[in-house]
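Chain naming follows the written order as A, B and C, and within any one chain the residues start at number 1.
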Amino acid sequence: MKKLLFALATSAAVLGFTAAASAQDKAKICFVYVGSKTDGGWTQAHDIGRQELEKALGDKIETQFLENVPEGPDAERAIERLARSGCGVIFTTSFGFMDATIKIAEKFPDVKFEHATGYKSAPNVATYNSRFYEGRYIQGQIAAKISQKGEAGYIASFPIPEVVMGINSFLIGARSVNPEFKIKVVWANTWFDPGKEADAAKALIDQGVDVITQHTDTTAPMQVAAERGIKAFGQASDMIKAGPETQLTAIVDTWGSYYIKRTQAFLDGKWETTSSWDGLKDGILTMAPYTNMPDDVKKMAEETEAKIKSGELKPFTGPLKKQDGSEWLAAGASADDGTLLGMNFYVEGVDDKLPQ
Amino acid sequence: MGIVEAILLTVITAATPLVIAALGELVTERSGVLNLGVEGMMIMGAACAFVATQLTGSPYIGILAGILSGALFSLLFGFLTLTLVANQVATGLALTILGLGVSGMIGEAYVGQSGEKLPQIVFPLLSDIPWLGPLLFKQDMIFYLSIALVIGVNWFLFKTRKGLMLRSVGDSHSSAHALGINVIRTRYLAVMFGGACAGLAGAQLSLVYTPQWVENMSAGRGWIALALVVFASWRPWRVVVGGYLFGAVSISQLHAQAFGIGIPSQFLSALPYLATVAVLIIISHNRRTTLINTPASLGKSFVPDR
Amino acid sequence: MRIELEKRPKVSVLFSIFSPFIALILTLIAGAIMFAMLGKDPGYALYSFFIEPLMEVWSLHELAIKAGPLILIAVGLSVCYRSNNWNIGAEGQFIMGAIAGSIIPVVFYEWQSPLVLPLMLVMGMLGGALFAGIPAFLKAHMNTNEILTSLMLVYVAQLFLDWLVRGPWRNPGGMNFPETRTFGAEAILPEMLASGRAHWGFAFAIIAAILVWLMMRFTLKGFEITVLGQSERAGRFAGFSSRKMIWFSMLLSGALAGLAGISEVSGAIQQLRPVISPGYGFTAIIVAFLGRLNPLGIVASGLVLALTYLGGEAAQLSLGVSDKVTRVFQGLLLFFVLSCDTLLHFKIRMVWADLNDTVKDTH
């Protein structure tokens, strides 16, 4: 028995050694995923980005990833394992990996870390995020045009700034078209539970909304909307397959461009810590094709998209009031990034109480 | 369609998988076996049903695949706990771990595909009854199966000789053995019935509830089914009541939100579990009702003396 | 063919040594077949799983971090299960222990004193014990099935934690994210050695295992536990109270689960989050059985199970297999170990039904 194990171990050790030697000349770029790479939503979008990175720079780099990594001590271990295995850059793709990333980064000053959607950085930890709310503004405008009832349903996950920001942006966009527009918000308290998301969609539709949008990850709400014959917006990836006659557009996370940009900088020796919050113009999010809508609505959406890209239009621009009626932004003033990233209030007109 | 009707329809869809899986587990537990692997069998059913449907184009073959996969998977549990008398609690938990892994492998290539929804079977005339018609007679096959299961299980357990034998095995395996009942075979069948039901419940998830496959899509519904069996104090009709009550609470919580009524959602979500504990206390406080309802040999292994 | 079991008069010493190895060999064979079917080098795969994580010091520390809570909880559970009390709600007791222990660093965060940490640990144990006291009370005085009540209470604990960190205990400086403030320096369980991250939680686990082993082996209490577990009636004749035993075993296992909870939070996470355990309380049940309800066996089985988690990650990286494969492999290992333990108590006989002979009914 012992002999067998020993033989196994040595032969495998040799194998491992040769495998490592042949890959020596390529830089290793690594990813830590919180979900399964085929979750159809958040993690899958990151994995598509990783594949694009491989396609673009495959002759100079190789990629590795760990999936379904729970947040907490397990994440620390996973990140450390990658750092020790010789990764040059490690992308940690969930908010909950923030403290783990910072801790491990302290131990490995020569490894570069990139943490998605967090707010803590270090000399070798950059943060990156996407201005999803820009897409939500366009969605709001489309919803206001499409909806007969003047009311949209919003399936939300958790009341974190990211989600609250999206709700506000959607409503501001909608009210720029129809000042009377309303939204109903339902908190599913999950990112990922197809059944519950479907139930939330049904509840909203039963209460009379005729457009729904979601900030949860599965295509279940899209399927429900298709079945009930109303329109809906996709989230994280293009969900047109789930609703060929239903999806108006989707906010598609296209992390690939960022991954390529940062990896290239790393290869050139020009990597520096940054905290980038890119938007439509940088290509970190894109709008899926505008479908299932009249041409004039499509034209409006495209114009808005162009204006946001050129910087002419910023969704959070005054005059805006908070939900309680107090002044927030004066006419012409735009919200600063700090306020947005910590957003914990609704703008005027949201018909919901923010869970506290 | 009025809003109440619409809500009820949603509740029925949400409750059906719980009721089916709980009925299966009820029969298993009535035979004295505690299988905590419902979640694992359910997710296997969901994966196999979806994959079979996509491969063959027929959701009915999908249903069959779900049932079979659940039953086969439960056989693994049966072999360990009944033949090899391994501990039921540990084996059930291990079954869930294995099920989550295997189902993920089976379904990997099918993530993101939009499935065909199981078609409705409309009973002519009956479905025209105002109010009740669309709720009860314009549903999919799995819903009708769930109703048939409740009636069937209730009849079997309390009106047939075989049912009486099964219950006696659950109450005291040694006396049942002494009476010449084949304890192990009875339990094998009960475990497989439980697995088949969990598999069918899984098929409902991936063919009716949300016609798609994603990893982990059962999201804890197998555990809720376990709770329901206890809540129902091992009575089939109470499983239905409990299942629909549970569905109603979780759905009406979403509606309450859309109406703008704010209660901490965690509190509402905890209610069914607290209610289950309360029911447990009530039924067990009175020794007589306990003896009537709870399978006394629950969770205990049986090895025939020779 | 039929399989028949025959109870051994005594636990087989031979098999109590060899059954883990038989299980390991079976797992290796099944694993090798699975990896070969996936087109991966089986030798290398098994090396990644079982040996690679043991080759480096940091990785051994990680092993201790992962194994610590599993062992601590499982040791408590072993006392319960030996005395026939089926507490399967350790996950909830773990969470409530973590919550109770976090009261000081979260609510009274301004209080700094060397007393903070010991108090936190004590409160953690109390929190877990009190929460386990609910099913204990219900079983001892209301005759309610503890398997089911303890399981139900897990969900209640999870939701309570969720509510706390999203509501009253949310970090005011945390941008609305669902987590509490991070603990101050004096509220953090220190690392054991300078060479890695492993904190004192692992030491607690080992100490608890040894103490419980001594108790089971050498004290009257241990005898009482064994007797009551084997037969309540025999225990009554010996003058032992099964009601007191319910309280004792449930409170003990709750306290140890609570200690595991607060150690994990204070040593490894350093704040409360909506989810603080990747199912330790449930995995520990498996650990307890793999260790045959023997505290020292549990130390070994806890380490082995933790190893499969680390090995799973190593295999993901070195082989590129998905995380599902590692979970299947883990499941296989559990099944083989559980089934091989049958050999301890039973002789297994294969009965081949010969088609030519008329089958004699053995009944």
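The criterion applied here is as follows: a residue touches a chain if its C-beta (ideal position, glycine included) is under 8 Å from a C-beta of that chain, and two chains touch if they have at least 3 such contacts.
Quick caveat, the model's predicted, so the values are computed rather than measured.
Enquirer: Comparing the two chain pairs, does A-C have more C-beta contacts than B-C, or is it the other way round?
Expert: Between the two chain pairs, B-C has more contacting C-beta pairs.
Enquirer: Centre to centre, using CA atoms, which chain is the farthest one from subunit B?
Expert: A
Enquirer: Take the average of all CA coordinates in subunit A, do the same for subunit C, and state the distance between these two points in whole angstrom.
Expert: That gives a centre separation of 36 Å.
Enquirer: Per the centroid of Cα atoms for each chain, what is the distance between subunit B and subunit C, given in Å?
Expert: Those two chain centres are 27 Å apart.
Enquirer: Where in subunit B do residues touch two or more of the other chains?
Expert: Correct list: 104, 108, 215, 264, 266, 269.
Enquirer: Among all residues of subunit C, which ones touch two or more of the remaining chains?
Expert: 166-167, 322-324
Enquirer: Where in subunit A do residues touch at least two different other chains?
Expert: Subunit A, residues with two or more chain partners: 36, 355.
Enquirer: Flag every residue of subunit A that touches subunit C in the complex, lowest number first.
Expert: Subunit A reaches subunit C through residues 1, 8-9, 11-13, 15-16, 19, 36-37, 64-68, 70-74, 76-78, 80-82, 84-85, 95-96, 99, 119, 158-161, 164, 341-344, 355-356.
Enquirer: Quick one: in the complex, what on subunit C touches subunit B?
Expert: For subunit C paired with subunit B, touching residues are 3-7, 86, 88, 138, 142-145, 147-149, 151-153, 155-156, 159-160, 162-163, 166-167, 282-283, 285-286, 288-290, 322-332, 334-335, 338-339, 341-342, 345-346, 348, 362.
Enquirer: For the complex, give me every residue of subunit B touching subunit A.
Expert: Residue list for subunit B touching subunit A: 3, 6-7, 10, 14, 104, 108, 111-114, 117, 205, 209-212, 214-217, 219, 221, 250-251, 254-255, 257-260, 262, 264-266, 269.
Enquirer: Where on subunit A does subunit B make contact in their complex?
Expert: Per the touch definition, subunit A meets subunit B at residues 36, 38-40, 44, 153, 184-190, 192-200, 202-204, 206-207, 218-220, 223, 227, 241-242, 351-353, 355.
Enquirer: Name, in rising order, each residue of subunit C that touches subunit A in their complex.
Expert: Residue list for subunit C touching subunit A: 21, 25, 41, 43-44, 46-48, 51-52, 56, 58-59, 62, 65-66, 166-167, 175-178, 182, 197, 264, 268-271, 273, 275-276, 278, 309-310, 313-314, 316-318, 320, 322-324.
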